[in-house]
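Listed next: structures, encoded as structure tokens.
You will see chain A twice below: alongside chain B first, and alongside chain C after that.
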Partner chain A sequence: MTAILSLPARRGAKGLRVLPIVEIATLVVAIAAPFVLSDRIDLVTLATNVLILSMLAISFDLCWGLSGIMSFGQALFFGVGGYVIALVGRDLGFSHIWGTLPLALLTGFLLSALLGAFLLLGRKTPTVIFVALGTLTGSYAAERLVSGWQYVGAGNGLSSIKLLQAGSYEFVEGTAFYFLALATLLVVYVAARILMRSQLGLVLAGMRQNEERLAFVGYRVQLFKALVFSVAGAIAGVAGALYSYHQGFIGPGNMGPGLSTTAVLYCLFGGSGTLIGPILGTIAVEVITYALADIDAIKSIWPVVLGLVLLGVVMFQPKGILGFFVSDRERIGSYGERPQRGA
Partner chain B sequence: MALLEVRNVGKSFGTLRALDGIDIAVQAGTFHGLIGPNGSGKSTLLKAIAGAHFPNSGSITFDGRDITTATPYERARAGLSLKFQITAVLPELSAYDNVLLALQSDQSLWSLLSSRTRRRLNGEVMTALERFRLADRADDLAGELSHGQQQWLEIAMALAPRPKLLLLDEPTGGMSPEERRVTGELLQPIRSHCALVIVEHDLDFIKDICDHLTVLDQGKVLDDGTVAEIERSTRVQEVYTSRV
Partner chain C sequence: MDFAVKLAFDLLAFTSVMVLIVLGLGVVASMMGIFNFAHGEFVLLGAYTVYIFHEGGLPIWAGIVAAPFVLAIFGALLERSVIRRFYAAPIIAMLGTYAIGLVIRETVRGLLGGHYKSIPEPLPGVFTIGDLDFSVWRTVIIAITLLVILASWLLLARTSIGLQIRGALENPALARSCGIATPRLYTLTFAFGSALAGLAGALIVPLYQLSADIGLRFLVQAFLSVMLGGVGTFEGPVLGAAAVGATAAGLPWLVIPVLADPLVFVIALVIVKFRPQGFITQGRL
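Presenting the complex of A and B:
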């Protein structure tokens, strides 16, 4: 403790930084998990799912936590990513990782750019409610559309999806897929972290606090939002592709309001605005759901319980689990040290 | 030609005529005061000039360009800057970051993402903070500053992008007499490169710093002229003695 205190005082009295410790601890656990769980394939599968869904949670966090876009439609891009790679596998017989993951990324990006342009770039500044309803409607409409469309399997969705390939290697459920998902999540995480801590992240932080103020100093606020929304859509697209390869299945439910809302829950539960929060939230919700899934009495009322948890979080702990041990100042973050004069 | 020309501008909120055919011209390099009783339309006029809302009629020309329906962003880029009546600093960011944000709005996405602006603009940020006596509070959150300091910070932000015209809505509201005096001093040096339209209730303050005054009453221009002219105006005296 004295060693810490005797370090040269960092600017401000920020105290110990908690987030990097949480991040490193999470990474260590994530790397160790498949080895610890190696004889329980069902748990490795669960863990892989958690990693993939974490990307969806981060995708939502970029919208809401970073840019103040209340998107109730992130599953739309997730689902479309999943469907696209399933169709490319079925109709073109192609499932190479270097082709399909970028394709899902691009599809998610373009689709969200389109929806974002429509919802955000109008002449009038859109309200949070307008954007929430717009994204929700998009997600709902997509789910309905797909449920009635024979070409994409209608209500049954698409199953027996062609396995993901890297060279001649085929990814099936298990440790290899787990590490693929972990690597992808890590790339997404690092990229999002760079974005968040850059001066662009500072602009977004300013927008969150007072959008009008930023417009009056000369920022095209809605354009920044549309950009982040598109990046978030790209991430959801990749996550959806991995999901459908991993499950061997993609269905209408994977792009509807149900999953979209679950992403909101992951993020708010863990702590929006930090990047590690959504991951912790996903782990917590998915692990608890899994543990309780065998108990029939709880299973049927579980969605209700989750709904109540979400309500409770919004009302009593809007900063999520992380809010308990990370200070506000650290949560909001800094955007680089101030260069010292003469130094 | 005047830097800013407001011609016959009208703005209604429902049945209320907040602005009723306003004409104002602001010359480059002048400090132009806007006074009038509560509810006379001063803030509404400033907001119409800055683009917070569009007038229902009339036109606004700035620096030779018709900006009547330009977005706030377009006006800011054209060289207009506004400090709101209600202080609007970004409370959860440091004073330093507040000013930096105001300075880097014209940067490309790439230089924002690569964070090069932070080092490049450091000198300018510190100069702005020093000018408004905030250098030693640079790392403190804007929300933790005193009310007066927040006002100064917001003026520093508004001035950071080097506007041609600064609109200030009651910059000394809630300040101590000493803080007011300092505010007047701090504004003087901008005269060389920036015109000012300022709304104030403190008449002594406004007479001290302004060259030209426009008096509003019930959405109309009651009188307009140099400070000396307005001081002699009987119409203005009537309104001020009967209602304020």
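Presenting the complex of A and C:
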């Protein structure tokens, strides 16, 4: 794992690598959190929620930070994942973890592969605007569809979802669910990290630099994009399944543009393209939101503040909070053997 | 026959609303390459202006007249301070304008206290032709829409400002080197687009209840209309809006309403996918 996480040293004065430190610190805090919070079940629930939403943020980061697809519709796959496992629980009475999570993964993957193929592939190269609008439209249309569809609970969504089972054990809110979410997040994170630092990641990095040049070299750029989009959709699907098991509820609002753009906020606020940034962004936004929820005066203007934060990040700090600590070189990473110093 | 006329009138009224909203969006998108995600919230602000006038005891029509000017000033200030930074990066512009929209929407939501407010029609009642009743206000909206289209077209096609705008669209660098102050032109264009949104909002608020989400409802449809019609043209977005508006209003008669709503989006997306340049080919504003 260290081999995966280790990035080439920054050739700065200190030669300090920041990202691995941030990653390890986050992991330590994440493991310690439920023990510190163990007597506050509401905080454990919040922490679990943050972990699940972090996966959605990572899913967006794969699209935007890794392959430059502005997806305004990641919540679509999140919501569909949640709805699928809710329906399987309701109509088939099935909620075993070995079946449902892979099912959500597969659903998210297939749906995003389908949408990605429609939006990205084809004879004519799609414009960035078309892709962004297409994902937004997909998310919005899906929200409208389920909010009018009686079979899936229409506007009320689906509640009292059958609990997630592992053998005879049932996951309820609490420490066990927290560690399940953490383990899933860890798997997702490591997989995304491998993807990012693989040869495929190198192609994607080149694509972000100059898409046309890569195309001329002979890469089928849009195919790579569609592939990453599908992987991101699969991750969002799993996150959505965990979310609806954890909340016991899934509704139209969980698949609409509102949540989609919240994922954008998480990612950009933390620092896109770093994978750990979206997690930090999710933690920051959700924890502050929770802390301020009790103060009525702030609660009502909080969405306005979030909007201003997003605007501020977009205008002045596009690299997010991690951009303050991490050099561009480390953020983007480098590939292959690093030339020896002095060689 | 009566039914057909009635349906046609309803389609026409809804389509007019769409055209009004899309016109401003299309002009800004064509001219500046900015897809303004806050456009729906500009519509909301137009509606809110009317509400403020109504609350203050002033006549509603005064609010309707004021709304475009309020929004033009707002748009000009916004362009000067924020939008200007986004010209180089259309994707960042989407994010930035979305954030602006979010701020406006949530502010208005806070001001309205989450309630729905209804504004009476300034010209209530119906007029009768044969044995059919037509809403006066909807007729006014149709008429104003036609006037606005005509006026915008005259502005773009027959005035020197319009010539400069078309020049700057065709080749910004060349326009600048010819002594056309493109930054000021962009401010004007954005203010004009905002004013159109404000007018649209002010006109439709008596038809729909005023709530913070009134703009969101039109935003996606408006974007699809612009793409459908073709960015960079004047007629394109108008045609696109007409197509989307008519489909959105007419489809519930053909398929069950639950499906009709998402189906409009799917149809529009598929058409854009296979004809990305739009109905009208680019380059003739």
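To be clear about the criterion, the second predicted complex is superposed on the first by the 322 of 343 C-alpha atoms of A that agree within 3 Å, B and C clash if a C-alpha of one lies under 4 Å from a C-alpha of the other, contacts with A are read in each partner's own complex, and residues count from 1 in each chain.
Note that a residue touches a chain if its C-beta (ideal position, glycine included) is under 8 Å from a C-beta of that chain, and two chains touch if they have at least 3 such contacts.
Here the structure is a predicted model, which means the values were calculated and not measured.
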item: Partner chain in contact with A:Thr137 - chain B first, chain C second, else both or neither; value: second
item: Which of chain B and chain C A:Val203 touches, first, second, both or neither; value: first
item: Which superposed partner A:Ala215 touches (first chain B, second chain C, both, neither); value: first
item: Partner chain in contact with A:Leu195 - chain B first, chain C second, else both or neither; value: first
item: Contacts of A:Arg329 with chain B and chain C, given as first, second, both or neither; value: first
item: Chain A-touching residues of chain C, taken from the complex the two chains share; value: 35, 82, 85, 90-92, 94-96, 98-103, 106-107, 109-110, 216, 220, 223-224, 227, 257-259, 261-262, 265-266, 268-269, 272-273, 276
item: Touching residues (chain side chain B, partner chain A) in the complex; value: 50-52, 71-73, 76-77, 81-82, 84, 88-94, 96-98, 100-102, 104-107, 109, 111-115, 117-119, 122, 126, 138-141, 157-158, 160-161
item: Contacting residues of chain A [partner chain C, same complex]; value: 70, 72, 118-119, 122, 124, 126-130, 132-134, 136-138, 140-142, 144-145, 148-149, 257, 261, 264, 268, 300-301, 303-304, 306-308, 310-311, 314-315, 318
item: Complex interface listing, chain A residues touching chain B; value: 11-12, 194-195, 197-200, 202-203, 205-206, 209-210, 212-221, 227, 328-329, 332, 334-336, 338-339, 341
